[in-house]
Structures are given as structure tokens and as C-alpha cells.
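Going by the order they are written in, the chains are A, B and C; count residues from 1 in each one.
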Amino acid sequence: MSADAQTERNRWLLLTPALTILTLAAAGPLLIVVVYSFLTAGDYGGVVWTFSTDAWFSVVAERDFFDETLSFSDAHLAIFWRSVKLSLMTTAVAFLVGFPTAYFIATRPARKRDFWMLLIMIPFWTNLLIRTFAVMEIIRNEGVVNTVLMKLGLIEAPIQMMYTEFAVTLGMFYVFLPLMVLPIYASMERMDFSLVEAAYDLYASRWKVLRRVILPLIKPGAVAGSILVFVPSLGAYVTPRIMGGGKQLMLGNLIELQFGQGRNWPLGAALSITLLAIVMVALIIYVRSSESEGAHHG
Amino acid sequence: MAKPRAFDVRQQTGFTLVALSCFVMLYLPIILLVIYSFNAGTSIAIWEGFSWQWYAAAWENEKVQEATVLSLIIASSASLVATSVAVMAALATTRTGKFRGSGLVFAMINQPLMIPEIVTAVALLLFFAMIKVATGYTGIWYLIIAHSAFCIPFAYMPVRARLQSMDLNLEQAAADLYGRPWQVFRRVTLPQLWPGVLAGAMLSFVISLDDVVITEFVKSAGQDTLPTYMLGQLRRAITPEVNAISTVLLAISVALVVAFYLLSKSKEK
Amino acid sequence: MIEITGLSKTFGAGPSAFTALENINVTIKENEFFTLLGPSGCGKTTLLRSIAGFVNPTSGSLTVNGEDMLSKPPYARPVNTVFQNYALFPHMTVAENIGFGLEMLGRPKSEIKSVVADMLDLVQMAPMADRMTSQISGGQQQRVALARALAPKPKVLLLDEPLSALDFKLRKDMQIELKRLQSETGITFVFVTHDQEEALTMSDRIAVMKSGRILQIGGPKDIYDHPAERFVADFIGDTNFVSANLLSEDNGKAQVRLPSGATVEARSPEGGAHSGAVTIAVRPEHAMLSEPGALIDGRLKNIVYFGTDTHYHVESEGQPTFVIRRQNQPDAVEHHSVGDSVGISFNPGIAQVLRD
């Protein structure tokens, strides 16, 4: 019994440093954000320590300047909508490209798969900012695409691609793609190809094999990949800032704007909590689905 | 008559094409970025000959020098701190099954992976602003602590994986052969754990070196790491100098990631 | 000498509690090759790990040469273990592995060197001394694991299914090797296995375990010829079970009446069977095929040829199929054919009355 108590004490002693750092510099400060979202905005940034729910109203509504009536905040709603729309588009494109890629890697000879996966993982572990720069340099007005097209005489003036929703989506697709390939590849690798052979043996066509056998089998990986792409897209800050150039704001940029000089800190805090809540819901859906998937197989 | 081609069950029409274009897409922008860092002209699209001038310009740029030093200090300190505490946490949580509070501990450790970076950045901005006002301290420890926190899960994962794949019997065999707990840890556990510790430290270093969002919010006035410096350059005309800095950062990341990959391969042997 | 008294181990608590060991009482003698035999989950490994110190028993006592073990951590017990997967340290050479225990005990370098050399000779691994453990074969790893556990000269060597990972041929060789090492070193071996043949071949005594309890302890011949319970009879070798009536019991001998009305002498289990309706066990090779009118009559249902011997399956009313095994002779002629009416006979004192 005392041996167990000692094991328990040692465990918490070993955990203390990590938990202290995480509490101080990750989890703990989130509470401050919650508190700030219920304070009154100071006139020149910062907060006044008076309780107020104004910030939360401002997330989706705005008070008319003259008669103080509430109406939906079109600007905020547009940004919410754009965040969700672009994140969904990023996820969809990432799946359309990521699934065939994962399939390709999983069907390589076993010795070579690791090499192909390394090729996927290297960009993922390199600087997100640099990768965004790299895409930007391709589609800028002075970039490679426009220069080549103009040299060829196909266009007279550069096509404006930067600072559009297309640019933001392309950028996010580019930086988050590995997150889609990884889990799909993991479930593909576990897949038993004799099942595919059995399906062909039972007169299925290539398309039917894909739709009726392969896709259902890799569904857990596809769900995981979609969540892994959707969640960081929704909270993206760097990529929309560079590719959208302040014209195509997403939630992350809206939040950042609230913390500049003379801005609304409580609103920024409330928006942060809102973003956190949406992400948590997505993660809970993911955990639930992977648990029921596990129960199904177990 | 043509020989009938063997039916390949693994073949799916068009998949190979998509996959290969995917690899081209992933690497083309990076390769172009690297190539134009050696451009003699100022353009990032028109090739005007080979030159080291942008590397020289970056090398002599005082701002870049300061940012490089700060980046390296923060990345080394954060990876050292994160790896040390992550090894302890991994020893405490692995191979003991569920214990009271284990769910909470795992949630805490992995929390930086789940919560959007911008939210953490805002939280740290508010928290550190309060401390800055209260103490007047505006040094680099804010950045080191913040980086250590989000590096912990990256340091924890390989160490934990290593511990889990480690044969529990080895430590029991050592205890059976009269090894006291500390001797067992030093002679059997730690030598086995090294590749995981090293891998964790390298991942943390890369993650810290690459961070933009949290650094941007936490840094005090006048502090810049390489990524925040480059983000700041966005407002001006982009010259291949940024490409040159990027190329160096890329080279460091790629070298560390490949080393990490080889390390994790070696443990399977 | 290992003395285990009233040893129990329960994992967990409340309704989900699991009793792995229940009131184990056993004395293992000096210089004995003692085997714990049973199916997986019977508690044999838990018992072995309790001796090693990796499992804390819930109650009971455990002494080695009169010294209490339960209060000591594994590193303070004079016992060494050969692990099922060998658990060789992958970052050390063969010689470093073998010397590890002595090093931990703080023995001088010169002594470690000479003991390691002796051990390498003992297991015939001297040429491999400086190899890493990943560079040697499974059988060689097995030898190193043995040498490592023997090097500190423990009072007791614990072996946890050490041969299960080896292929058939190597396993046979190692069985003989282990027996040789045991008699050469004079160390008490406690051997865990689920392989009944292995247990019968190597052991001085066997304890048959099931569901955390020891069912029977005895020498290999004793256990094979006279299993006390149906489980033991069934687990070790093949057995025919015949229901019978106990007529009388005296001094280990019993008279039973078979369903055919014939009576025959059988052996009583230890402590007696007491009740009237009993089951008797007869080994297939102990019974003979004869003409109808024997102890049991029936019809020949099947003849299965096995190379070394032939099995005759006899069906009789109200009884499970009875199997008779007859060793094949090169010039033997098969007199029987499927469908024949036949009889089954066996000598007095062969059948064992089971304690059910």
C-alpha cells in the first residue's frame, strides 16, 4: 500500500514542472480571456474593470450609433461566414488532392512508403510563414505565373490573384495539406488489399470498388484528416493576413484587429472564446465519431 | 496482337497523376523561393544571373543579425526546457495505465495542439501585459516560457512513443539483477530513451524557430525573431533578401526533420 | 528451499476484482526442477512473478531458505529470472548483459570478468561475447538470457516460458540443455510452461494450476498415470472418461462397476472419491481392443492411421467415444474394420477414479 502511495507521489512530482509551465503559459491565461470578455472596453484600448456584456453582443450585433437599437453586425457575420466557407473549401480541396496522394503512397512498395511520407512531412515541419511566402511569390502580380503568361503574350496585364478569397484558400490548402494526407495514409496502410481483390472478384468496377470498399474503410482517416485541416484553417491568422492582405479578413485577423491601439479588447476576447468554442465542438464531434468507430471495430 | 496487361487491383484511374502533381505543387513554390534567393536582380520572377548578394545583404543587416540571435536563444532555451519537463511527464504518465486525473493531464499536455494559436496568443498577450505593468520586466523570458509551453507536446510525443515501445521487461530484468531504481534508470531506461529525447528536442527546436503568431503577440517592443521580422517586411517591397533568410531557415528545418526521421527509423531496428 | 503458504493475489477491487492466485501452498525443495503447468490465465506466471518480486501478493507468506521475501524489493531477492522474451538489454553486448547483475552487486571488475567467461563457456557462447544482442539468433539469445540469470549464482532461477519463442527442433535441444545446466549448477529451477510435454520431459515435480489454484502436485509419471481431477487428466495427454459406480474404496484401491455390469479395480484419488457415481479416466494407450463381452462393448466407428500408431474410435451406448491407441508394427495386419462389434479391455489398477 505504501509503495503505491509513493508511486503516486513520485508521479505528481514528475508532472509538476510540465503542468506548471502549461498552466502559466497556455491553459491558465485562457481564464483571463474569459474574464476580459465581460469587461468594458477602455477608450484608448485596454479595459475598464466594470462588468459588461457589450462585447458578447458585439460579436454578432451592432448598436445603432443614434437610437441604440440592436441589429446584426453585417461586417462580423461576413467574416464568420468567410472563415467557415474558406475553411470548408480548403478541407474539400485538401481531401480531393490528399486522398489520391495518400492512396498513391500506400500502394508503393513497403520500403519506399516512408520516403514518400517524408516528402509530405518535410514541408509540414518547415516554417508556415515561409511556405506562405513561397505561394505568394508564385501568384503575385510580379510573380512567376503572371510573368510567364505575359512573356508568352497570353495576357496583357497581370491577373490579380493576390488578396482574393482564392489566394487565401490556395495558401491554406498549401500549408495544411500534409494534415490531410497523414491520417488517410495511416488508415490506407492498415487496409487489407485482399478486400479490394474480393470486390473485383465479385464483379465490382474500379469506381464501385473505390466507392463501396475503399472509401468506407478509410473513413476514420478521412474524418480525422478533415478535422485536422478544418480546425487550423478556421483559426488561421498568418496565411489570411499575407494572402488576403487585409482585404479578406478571417476570424483570426478580426481578433488581432481588436488588440491594436484604441481598439476593443473585450470584443477581441469574446471573439477568441467564440472561435475556441467552435473548434471545441469540431474536436468533440471528431472524438465522438472516432470512439463510435472504435466501438464498431472493437 | 497486344499482350493482355496484368490487372492491377491497386490501380485507380488518375490517382497517380493527382499524387504526382501534388508533390510538384508542394515543392515547386519552395524550390522557386530557394532559386530566386540567388538571383542577381531584385525580381522574384525574372532570373538575372547567379549571385550571393542577398545572403550578404541579410548577413550584414543588423536587424537580421539581432533577430537571428534572439530566435536561436529562444529556440534553444525553449527546447531545453520543454524536453526536460516532457521527459519527466512522459515517465510519470507512460506504462501506468489510467490514474486519477490522467485524462486531465493528457488534456493539459496536448492542449497547445488543440487550441487555436491565435486564442493562446491573445490569452498570453493579456496575461503578460498585466505582468509587464506590475513588474516592469520586458525581457525575453516571456517568449521563452510561452515557447516552452507550446513545445511540450512536441517533445512529449516521441519520448512517450519511445517509452511505450520499450520492453517493460528490460527494467524488470535490471531490477531482478540487483539494480536499484536509480541504477535501472541510468543504465537501462535512459540509454534506451535517448533517441526519443533527441527527437523531442529537435522537434521542439523546429517548432519554436518557426513560430509566428504567439511570438508576434507576446514580444515586447523592439524584440523580433526571424519570422516576426520577415512578417514585418511584408509591408515593404519584397526583395530576395527575404528569400535568402527563408532559405537558411528552410535548410535548418529540413536538416532537423530528416535527422528526426532517421532517428525514429533507427528505433525500429 | 522455497516455502509458500496461503499465498493469494487479487487484482482490482469490488465487483471487477480478479483473483489471480487463491491460497497457494507449496514447498519447492533445494536443487529441484519444479514446473508450474497450466493454461494461459491460470496464475502460473503471477506466482512466478510473486517469487521474483514484480507482483505484491494480497496475503500469505513466501520464504527462501527461511528468509521472508515479500518485504523485499526485486533487487534485494536472491532469485533471478529468465524472461519469456529474454529481455536482453539491446544497448549492451552479450558479455555486458551477462555481467550486469554482478556489476549491480558491486563486485570487483576482475571477478566479473572471470564469472562472465565461465558463463560464456557454460552456455557455449564464448565466440559471441562482444556481439550486440540484436546480432545473435533466437536460440543464442536464449542462452545469453540463461547465462545472465545464472551469473550472480542465485539461490533460485525462475524461468517464464523460456522456450516458447523457439522453433520445434531448437526447443527439444534446449530442453536437454536446461536439464544439464540445472544438474551442473545445482540451482533450484522454477519453470513456467503451458506445454505439458515439456513439463513431463524436464521436471522433477509438476504443479498443475487452473484458475489461480494448484490442483495437483507430483512427479511427471504420477501426474500422467494418476491424474486426480478431470481437468488434470484432460490437460495432460489424451484421456477417455467413462462413468461408473463406486462399489468400495480401500487404501487407495477402488472397485468400480462399469455400465456393462463388469467390475474392475481402479485407483482412488488422494483423499478418496466418496460418492457413488464417479468418472474414471483411462489413457488411450492403456486400453486394448478385444472381442465383444469385454469391460465395455461397442461398435468400431473409425480407424485413424497416424504413422507411429493407429487410433480406434469405439462408440458405445451412453458414453462418449472411446479412443484406443495401438502402436504400429511393421508387419502388423489390420484385423478390424469400421462397423465391427468390438470390446474394450484394460488391466486392473490402470483406471483412475477422478475427484470431481
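Just a few scattered comments:
Everything below uses one rule, namely that a residue touches a chain if its C-beta (ideal position, glycine included) is under 8 Å from a C-beta of that chain, and two chains touch if they have at least 3 such contacts.
Predicted, not measured: the structure shown is a model, and the values here were computed from it.
Comparing each chain's Cα centroid with the centroid of every protein Cα atom identifies chain B as the most central.
Comparing mean CA positions across the assembly, the chain most remote from subunit A is C. Ranked by C-beta contact pairs, the top interface belongs to chains A-B.
Subunit B and subunit C have Cα centroids separated by 55 Å.
Separating the CA-averaged centres of subunit A and subunit C is a span of 59 Å. Spacing of subunit A relative to subunit B, judged by their CA centroids, is 18 angstrom. Against subunit B, the residues of subunit A that register as touching in their complex are 7-8, 10-12, 14-15, 17-19, 21-30, 32-33, 36, 96-98, 100-101, 103-105, 107, 114, 118-123, 125-131, 133-135, 137-138, 140, 142-144, 146-147, 174, 177, 193, 196-197, 200, 206, 210, 231-232, 234-235, 237-238, 241-242, 251-252, 255-256, 259, 265, 268-269, 272-273, 275-276, 279-280, 283. The touching residues of subunit B, when paired with subunit C in their complex, are 167, 169-170, 172-180, 183, 187-188, 191-192, 269. Residue ranges of subunit C in contact with subunit B, taken from their complex: 52-54, 73-76, 79-81, 83-85, 87-91, 100-101, 104-105, 134, 148-149, 152. Contact residues of subunit B toward subunit A in the complex are 7, 9-16, 18-20, 22-23, 25-30, 32-33, 36, 43-46, 81-82, 84-86, 88-89, 91-93, 96, 99, 105, 108-109, 111-112, 114-127, 130, 145-146, 148-150, 152, 156, 203, 206, 209-210, 212-213, 217, 227, 230-231, 234, 238, 242-243, 246, 249-250, 253-254, 256-258, 261, 265.
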